[in-house]
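Take a look at the structures listed below.
In what follows, chain A forms one complex with chain B and a second complex with chain C.
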Partner chain A sequence: MVGRAVSRRDYEEPLLRVEDLVKHYPSSGGGRRNSQAVRAVDGVSLQVETAETFALVGESGCGKSTLGRLVVRLEEPTSGTVQFMGSDLTNLGRRQLRPHRRDMQVVFQNPHSSLNPRMTVRQIVEEPLVVHDIDDRIGRVDRLLELVGLPPAVADRHAHEFSGGQRQRIGLARALSTEPTFLLLDEPVSALDVSIQAQILNLLVELRDELSLTYFFISHDLGVVRYLADRVAVMYLGRIVELASVFDLFASPAHPYTEALMSAVPSRDPEAGSQRIILKGELPSAASPPSGCRFRTRCPMARPECATDEPELRLVEGDHLVACHFAEEMMEKHR
Partner chain B sequence: MSDVIESGLPAEQSSPMEAVAFHDGQGPARAAWQRLRRNRSAMLSLGFLAVLAFAAIAAPLLTPFTYDGTDFGAIAQSPSSSHWLGTDALGRDVLTRILYGARISLSLAVVGQIVILLIGVPIGLISAYFGGRFDLFVQRGIDVLYAFPPLLFVIVAMTYLRPTLDDADSGFLGVVASIDDLTGGLTGVLLAMALILWLTVARLVRGQVLSLKEEEFVLAANATGASHLRIMRRHILPNAFAPVIVATTFGIPAAIMMEAGLSFLGLGAQPPTPSWGIMIAEGVAYIRSDPYLLIAPGVALGATLLAFNFLGDGLRDAMDPYVYDSS
Partner chain C sequence: MTPLLQVEDLSVRFTTHQGVNDAVKGVSFEVGHGEVLGIVGESASGKSVTAMSIPDLLPTPPAEIIGGRILFDERDVRKMSSLERRQLRGREIGVVFQDPMTALNSVRRVGVQLMEGMRYHLDLDRTEAHRRAVDLLEQVGIPSPAERMKAYPHELSGGMRQRVMIASALACSPKLLIADEPTTALDVTVQAQIVDMVRSITADRDMSVIWITHDLSLLSDFADRTLVMYGGRVMEEAPTATLFRHAEHPYTAGLLASIVDTDTRRDQQLVSIPGTPPIHGAALDGCPFSPRCSYGVEKCPSVHPPLERVGDGHKVACWVRPFASKAPNGG
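Entry: the complex of A and B
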């Protein structure tokens, strides 16, 4: 293929390598001097392997969407590096990034605002092909629509004529049009009705298996993550607090925050006694995170040393990474 | 590479589609037009303006008189079968002058709005899209200019421009001056108006663009690697245009009114150009003996302003994004 930035296997693993990524937003307003920057993403390192589904979970405001946008360079990082398919994207300009964009596409959260209301479905799905000078557009658009389960007849309608699930399919067709290897899925189903969520999730799984896609899946829904993901990173206040395979994470969560998140998922078995862990208080401000462990202000097992020593993300077992002083205790509890 | 796409998915995949919400395949523009067609006052106004525009264009064919042809045998006549709206103090046919006046009012308003759009839209768009220091600079400049009442600004500009243009006979100003002469003093008016009225458009466009550039479809275009130019042209401008069209429709009567006001004050079109403003000014002198000299151009002006306002209201209702995007 002409114009590919990197041939598919011309680089060393992993597909995506993020190192010490930081994004601070200067806090505006108030006019106070020394006002702290909002640390939306504060030192995140992770790797995503080819053809795996990497999920990023956390509550609203924890920085997971910002991290996603940094990864595909829709935001400029304050510091840190992003390597994708062996190329360092961190210092590339808009034009230099374009060839790489073919290989990494995005599906957005809100199907009502992610499609231009003035364009027909064909124009929307075709746009990446036009941008990247790919020929054979008409046939491609029809095949793409079929691929996401829409009849080709929809191509000449406008996006506002469709329901949320259909729009999300259109967004998916657009993202797939350049045959990317990597898809950033930014809460792709959270704006949809539950019944339609299932259809879109099934479609995502089928497409992944069919096209051997790599997903970077952002969600706040652990049920969805469990269904779809291979590995999961849990994010809290701009940092990753736990990163493990989906099996390890659900079998033995080693961070109190992860455990609390899981206790909030309704059980499928009504007889099973649910021990809901209610977190106290609000998410602290990302402009002035607590000293030491960021989670300590809401942590049910916080101890004095948590206020002074910040726990590093460390390997506790296999490839299970946790940022908690008492990860071993936690894991013991689940045995 | 394309075999990946061609292979497609198992057949059952294409069947599960949630409640299908297709309606007639039509774009937002067509939908807006259909809503506008149902608005009676807007359509009547559009009809009136079409007739007026036609009469203005075809004026030489419609009347046997010329706008500056004096007939001293028929001075200040009341309406009659030969002069439907009578004649003025110099024996000029009033209806003829009103038709030619429509030429001035309409063309000045339309050309003026085009000039205003050509200045205001790019400035508002670029200022909001790129933001930063340029935006700050432009916005402070607009704030300063905004502090002047527009009519006052134009009057001041015209009192400076009029003698400058009258004296100029060479160079760029000379060219402008000769165009100004040909158009009966209207180019000066146009320049002065455009100089102040683009501010509103620039602000309007800036506000639109500021919110549009945060929309996910713009992010999506960025994610595909589209250029700034493409994003502005394909994604931002088309979506910013509905309120601009409405504002332009309301801007036309404002410009007509301003031209009439300036001409009334003697700063706009120069006699014998048959501007409605000049006709009203001349008619005032005869308000007791021949009131139709004031009433005729006044009604023409009023009806035109009213028609544009009704049309603007209709367009605003028809293009309201909240009406159509309800699916």
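Entry: the complex of A and C
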């Protein structure tokens, strides 16, 4: 059995340290000279502690999936660093990266496209073990299937025979096969029916508690995030606009975007609709974000200085980080 | 006043090389003038098939309406000529799909597509159609509408395309708007914008709406009444407020309980419904929910319970009704 890159506690906390990460894509204009790069992720720093669930929320185009892919190095950053368990992943080659891959696994949103339909469940779950030369495979697939709530009998069937919820369980069994410490979960329940979502969320909580897993959880669903996460970062146009513990964030959102996002979530309470903040306008292009604060073109609080001074992500209270000039005013409102 | 739409005992069957699938079985409901009816259900519940059979938009084959009546404005849709049906679709019923690109032509300008329906159905000249199309785009919240008339669909964002699609559905001032998960693919802030816009436009024009969704919460402050479907059948129908407070069907209760929203308690395990929804519609003669129901009795899988009135506008199809005693309006 090939050893792990780093033994599990030979590094300084935190487990994951992301610093000033940037990912620019050449714009769809192709090779044209003046075409501007799409700034998918534009200067993001964050840390994830061992065994915490860190959630990244935001709407389509905010860069949350790109950030997730950069963190596990499915993409190369334009600049900035990703340190995982004390090692800088940004400068490692494929071979050097491999031992780290064992420790960081991924579960994707769409359980219909992320599993190879020609492979049996056993082959799917076993594949990472083969890739990482992990010998002790006998009985392991059965144990993994049991762990995610599937009977061993499913091992010889093909993934396409299963429903969305069951496929997501298979995806989890596969991700857990290398005994990772860190799981990137990219919208793992958004494609599932409502009655199935809760099953998978319960399973994620069980697994996290049982195996002390660290989750990097990407979602657009604030209800799910509030249920599962310990800390939450809110992204808008490639930047983190607010980062706080789940309690602080939901009790007193201090960025106008976070507040609008929360109020837009449909609620069981018909009264909630009357207080809904309807954002004006559309998400600006990530190739030419507005000057100053990126949210200002849609912000109900925007003032002249927002167009010129870009607000830094700063500590406002306790460990509550906000990138808004008027964060204190917002907080006052919730008291 | 007779309801605008009456659907009686509708059954739709799909026949493919994989076999026969009764996607919708014995579905009945009404939509009043100016009323918003929500239809909620998970995959394969038959909610879209039910709605699309009203304007005759099901592909036949494989689909076939094998029974039932659809009365629109007191006219039997199934007995209409194909010309009458085309007029019904374009003029009297507007339809919005989840993916606007199923209805918009990607190589034609938005304005041309908007004007086309009005010129055909309302017999307008170019100038008048153009004027009304610009008006419509403005009403659905598209900035600089006159310029956007010249845009191609791919030049617009998903939210903007959906607005164009809604404008086109509203173009001939239909009496009924059928919206099939129009906001499912959109972000929550865009969804809120669009729901808000549709609500105010349809209320202004006293238009009836059928809004299909998998998201029960979305209907809470929007739909007057809600129909809950599962496995091709109606499980429960009630005024939306009643449904949220006193759901009587075990499926509705389970669905409500498994919603994870920002009011869900963190310290508790989520309530989930065991098992998975049927891949096809009504495979059982009895209640399609019986394999997942914890309250079932012996006859549930074999005999389907009738949709019975249990209160004011409240109907439930369940032999057991385990939550009935809690409802003050029961019986």
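Please note the rule applied: the second predicted complex is superposed on the first by the 321 of 335 C-alpha atoms of A that agree within 3 Å, B and C clash if a C-alpha of one lies under 4 Å from a C-alpha of the other, contacts with A are read in each partner's own complex, and residues count from 1 in each chain.
The rule is simple: contacts are C-beta pairs under 8 Å (C-beta built on N, C-alpha and C of every residue); 3 or more make two chains touch, one makes a residue touch a chain.
In this text the structure is predicted, and so the values were computed from the model without any measurement.
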First, second, both or neither for A:79, with chain B first and chain C second: neither
Chain B versus chain C as contact partner of A:199, first or second or both or neither: both
Partner chain(s) touched by A:174 [first = chain B, second = chain C, both, neither]: first
Contacts of A:166 with chain B and chain C, given as first, second, both or neither: both
Partner touching more residues of chain A, whether chain B or chain C: B
Touched partner set for A:288, first chain B, second chain C, both or neither: neither
Partner chain in contact with A:158 - chain B first, chain C second, else both or neither: first
Touched partner set for A:210, first chain B, second chain C, both or neither: first
Intersection of chain A interface sets (partners chain B, chain C): 163, 165-166, 193, 195-196, 199
Chain A-facing residues of chain B, complex: 1-2, 4-10, 13-23, 25-28, 215-217, 219-228, 230, 234-235, 238-239, 321, 324-325, 327
Complex interface listing, chain A residues touching chain C: 59-60, 163, 165-166, 193-199, 201-202, 205, 220-224, 226-227, 246, 250, 260-274, 276, 278-279, 281-283
Chain B contact footprint on chain A (complex, rising order): 1, 69, 72, 74, 94, 97-99, 101-102, 105-106, 108-110, 112-120, 127-128, 131-132, 136, 140, 143-144, 146-147, 149-151, 154, 156-158, 160-163, 165-166, 171, 174, 176, 178-179, 184, 193, 195-196, 199, 203, 206-207, 210-211
Touching residues (chain side chain C, partner chain A) in the complex: 42-43, 143, 157-160, 187-193, 196, 214-218, 220-222, 240-241, 244, 254-256, 258-264, 266, 269-274, 276-277, 279, 292
